[in-house]
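Each of the two complexes below includes subunit A, the first together with subunit B, the second together with subunit C.
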Partner chain A sequence: MSLSETAGAKMADGGTEAPKQAFWVRNGHFLLLAPGVVWMILFLVIPLIMMVYVSFWTQTTFAIKSDLTTKSWVTFFASETYFGALLRTLRIWLTVLFFTLLIGYPTALFIGQFVRNKTVQTILLVACVIPFWTSFLIRVLAWRPMLGKEGAINIVLQKIGIISEPIEVLLFTELSVIIGMVQIYVVFMVGPIAFMLARIDESLIEAARDLGASAWTIFRKIIFPLSLPGVVVGAIFVSVMVLGEFATAAALSGRKVNLLGNIIVTQVGSLKWAFAAVVGVILTVVMAIVITTLLRVVNLRREL
Partner chain B sequence: MHRLTSLRWILAFYTALFIIFLYGPFVVMAILSFQQGPEGGPQFPIIEWSTFWYKHVLGFAPPSRIAPLPIGEALTRSLTLAFATMVVSTLLGTLTAQAFRTRFKGSGVVFYLVVLGMMVPGVLLGLGMALVADQFGIQRTWWGTAFVLHVVYTYPFAFLVMLAIFNRFDRSIEEASWALGVPPGRTFRKVTFPMIFPGVLSAMLFALTLSYDEFPRTLFTGGNQVTMPIAIYGTFAVEIHPNLFAFGVLTTLFSFALLVVYGTLMSLSIRRARARVSGIQEDVT
Partner chain C sequence: MMELRGLSKSYDGRSAIADLSLRVEDDEYLTLLGPSGSGKTTLLRLVAGLDLPEHGRISLNGQDITALPTYRRGLGFVQQNYALFPHMSVADNIAFGLRNRVESPVSDEQEVERRVAAMMDLVGLQGLGNRMVGQISGGQKQRVSLARTLITEPKVCLLDEPLGALDANLRERMTVELRNIRQSLGVTFFHVTGNESEALAMGDRMIVLDEGRAIQVAPPDEIFDRPATVRVAKFVNSYNILEGGVTDGVFVCGDLRLPVPDGGADTRYIAVRYDTPSFEAEGTDGAAGQAGLTATFLTSEFMGSRVVYFFRSEAGTVFEVERHLSRSDPETFTGGDRKRLGWPVSETLFFDGNGDRLVVTHARGAA
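Then we have the complex of A and B:
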């Protein structure tokens, strides 16, 4: 590839400026890369390193001093509240991940495999994306009149006669946080899976059918394995967003459900930087484990 | 899968339910935005249908105890920020993706460094940046510390979109241009750019929407001057009113308009490309 480029460049200059041109061809990508890489190091890597560093600083009432200590770490793991928040975050994350996959997969299967018309496929996907144009926070708040004691769901269920008394556990509980998160994030699961399913070569499935495979076998042996990269990408999206969540929990649980994100926000609010950094590092570690595990299943670069 | 008609109908029905699930809160929100004001709250039943909250959002309503949303300032800030983020991240994304077209050592490291930007939760990045700003005495502003984080967040998306575009890109056309003696800069303008334009447009749209709605990063780094999402988040702590819902409906309509513009530009670009190809063919024959 680079050979033909060099040749082309040389031809272009008629040989006079050949060294300069060759230099550009050989090292051009460094110049192209430099702005992005520098930006990411300055504004992504350094802040994260800073966070790890500050988590070992000494916290006084309103300030932090750069004397190293593990006090904030001890506080985190010794405290029922904070350690409980870690466990709660993990529990809610797994629940949301499970339900987004469970609810999202059939839709993705329909869009990717059963709709063969490209236009209809696009229309369905766009239909899934449209709710995203409403601000995230407003979408979260819109769940309150849905789930409340006199909310839409209770009204509808009572009208149909399924229940006589309104269900009260719907709002300001862990359940409401999970419902809200599943609805908000499920599309991130549907999109990648539908994309992978739509790419499956029709002839593969036909061949399997001609060889006498049942629908279930086709799904298990061909469709599901080939959609796996989509599942992984979707899972990464959902995990990243749910693990770093705090707004949904704050809005739909009446501040009863505290996730790691909520603790960070509260601690920053009261200028407890060192402690916030500890929680941040723990969240980063959880995140890193989750993503590297998921990336082991699929090579993201190859799938593009 | 034509033989599985029953399964097909079940899944179609399921998908319909799924879409209702997605739109449910939105529909409820739209209904409640017509709640009577200013006494009506964001819940059922509707006391009386009115457009009070729309007037309230747009600043036509008579003053009441409910503070108006800071549409003027916060929205301007959000849009400015989103626009700047869009330009910078699309530029960075295109440059980096262009570099990835040749194989080079360490490409894996650079790839994951860039992709990391979209994988790190916003609250972490916001915290990290706030710590850096705090320690180095940098003022936290929406156009400074928040802006750079917005780019960190949207640039990976632009990069991935452009990478996907370049992967499906026929290199020989560019090579032909070089071979014909067209300098690289001119080749990029005249050959490469028109071909990648749809991708650039998608990358821009991605960056714009993500940045406009961005909020955990901005929360810690935006300083005193709030952007729109932060202003909305501010209402979480106090009582919420249907003016938020009216605002939500209005922004959704606005996004619709934006998508129509995007769709038109996209189809125009495709049509123009087709016209050009057929024009070339006519020239040749």
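Then we have the complex of A and C:
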């Protein structure tokens, strides 16, 4: 007899105690959710609501008042600097997403499909994570002696005589920010895709081959569609991290490339809470749209 | 007609297929019976072109296909686990080969649809074309897998344990249907299985594979009645096999003594089919031409149309006797009953030390 049947039987007895007891028997398992729900309400839902609320507060140079106004919002969309930062963030995000996929997919394809030994697969995936054994800051700053005017790349290219003058666009430009981000985040693309690819049953590929399909058709019709959930998960990882980025941009652009994240940092630094909240709301909305769109691409619930 | 000549293949120095030769006729249902580890999967992979043999040739209608890639062999391969494409509908799965093959793909969608519909009718999948493969039953998956292969019109269709994953009920229905589908298309089915009753029931001809060799190739009734070796007799799972040796013209196996006919001097194994012994009272001495043993009843199993009785023989081995209820009423024994089981010597098979069946002559009319 299941729990609910027990409860039903007690209810039928009609005792005064029975309904109360039955309620807890039926719904007691929801108590398991309580710690999580409390935590999320306190530290996610309330702060989100506060952020939206604060974004309408009145900001003066030295203080912030809770009088509602849309001034901060108007400033954001009217200002070339701030609206430009939104567009730049979107552009850099799309570029980084494109390159992480371009570099990550073939790598994942190799690990997931052409390495059949599970141990070697794991070793290769771990190897992808080795850069993470150093701190984020070192990984980012290490690009400076690499890309700088007198950095490794320029020296080597000059030594072998390909260029006579150092290439200056390598560092403290949007390019250096993109190079840095792609290097840091590509592994988040490789992992989920390699995982999905490794799960594809070898017999499916044999069956397709047996039915006369070429290697390219097999990739297009079987392997790629089946790896798509991995691509989407990887893209979500990369998107969430790149959209909220500020450190790489600050370190590799010499503060010339300002992303939404950098604006939040500076505004909070100068105690402009209302304006920082506006940028925060916009960033949250952008991320929500991006994730929803990506999830529309595949039905993750069905595929995973 | 497909011909395999002298095929060999080994993995890590262990021989999986050893010097195997075989001829597969057009328009026949060929079953291959092999216990696990006999090399049947390897053989299928060689024929399908998923692996290359170390020695030997495979030819199809006179053309050497040993080194041809799978899709150019004109063969179809229905995999054991169906290997359906999980992200496609039933109809798209079936149409995959037509649309995507390298050689003469069908680009006319109407033609594809027409052929897919015809194939779905044939295998009994009417109206399921739009379902995803995750939404259909095991038996239906089996049909999709078969249809997907047959629609490409292979000359020979290889089936790797096609009924293995189905429950008993469905298995019996598919047995009949597979034969019907094959007949209506006139294609050769090469059906590999580890189940002896499946191999016996379905094949026009049957191959018994053991340790990488085809030890007997014959129609199923012949394999069942006259297994070429003692191993075949074991695989068909219908013989009591007694192991012993001949001394002074009598087969000795433990405490058991059995007569041996002319030509049986080298007998090492005697095989008695489950349905040959008859029950006699204890102490009955066999007439001339009869053999028998005394055994203790252990238990019986009611199988619907027949009853199987298990005895422990004098030789210490379990001895099975089968009674078909259409021919006699069941007999009830209690555990520990001692019975004499008798059978005509002429109905037993004799095998020598190598396991090969001996040709013996029975003294006729001696009784």
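By definition in this document, the second predicted complex is superposed on the first by the 266 of 304 C-alpha atoms of A that agree within 3 Å, B and C clash if a C-alpha of one lies under 4 Å from a C-alpha of the other, contacts with A are read in each partner's own complex, and residues count from 1 in each chain.
The working rule: contacts are C-beta pairs under 8 Å (C-beta built on N, C-alpha and C of every residue); 3 or more make two chains touch, one makes a residue touch a chain.
Quick caveat, the model's predicted, so the values are computed rather than measured.
Because the two structures share subunit A, they can be overlaid on it, and in that overlay subunit B and subunit C fit beside each other without clashing. In the superposition on chain A, contact is made by A:139 with subunit B only, not with subunit C.
After overlaying the two complexes on the shared chain, residue contacts for A:217 are found with subunit C alone; subunit B is out of touch. Residue contacts after overlaying the shared chain place A:270 against neither subunit B nor subunit C.
More residues of subunit A lie in touch with B than with the remaining chain of the pair subunit B and subunit C.
By the touch criterion defined above, A:280 reaches subunit B but does not reach subunit C.
In the superposed pair of complexes, A:208 makes contact with subunit C only, with no contact to subunit B.
Of the two partner chains placed by superposition, A:122 touches none, neither subunit B nor subunit C. Look at A:60: by the touch rule set out above, it reaches neither subunit B nor subunit C. Of all Cα pairs spanning subunit B and subunit C in the superposition, the closest are 9 Å apart. Taken together, the two structures place residues 209 of subunit A in contact with subunit B in one case and with subunit C in the other.
By the touch criterion given at the top, residues 1-2, 4-5, 8-9, 11-12, 24, 28-30, 32-33, 35-37, 39-48, 50-51, 54, 103, 106-107, 109-111, 113-114, 124, 127-128, 130-139, 141-146, 148, 150-152, 155, 183, 186-187, 205, 209, 215, 236, 240-241, 243-244, 246-247, 250-251, 261, 264-265, 268, 273, 276-277, 280, 283-284, 287, 291, 300-301, 304 of subunit A touch subunit B in their complex.
Contact residues on subunit A toward subunit C in their complex (touch as defined above): 201, 203-204, 206-214, 217, 221-222, 225-226, 302-303. Within the complex, the subunit B residues that touch subunit A are 1, 3-4, 7-8, 11-12, 14-15, 18-19, 21-26, 28-29, 32, 42-45, 92-93, 95-96, 98-100, 102-104, 108, 110-111, 113-125, 127-132, 134-135, 148-149, 151-152, 155, 159-160, 163-164, 167, 171, 175, 178-179, 181-184, 209, 213, 215-216, 219-220, 228-229, 232-233, 236, 240, 244-245, 247-249, 251-252, 255-256, 259.
Contact residues on subunit C toward subunit A in their complex (touch as defined above): 48, 50, 69-72, 75-77, 79, 81, 83-87, 96-97, 100-103, 105, 134, 148-149, 152.
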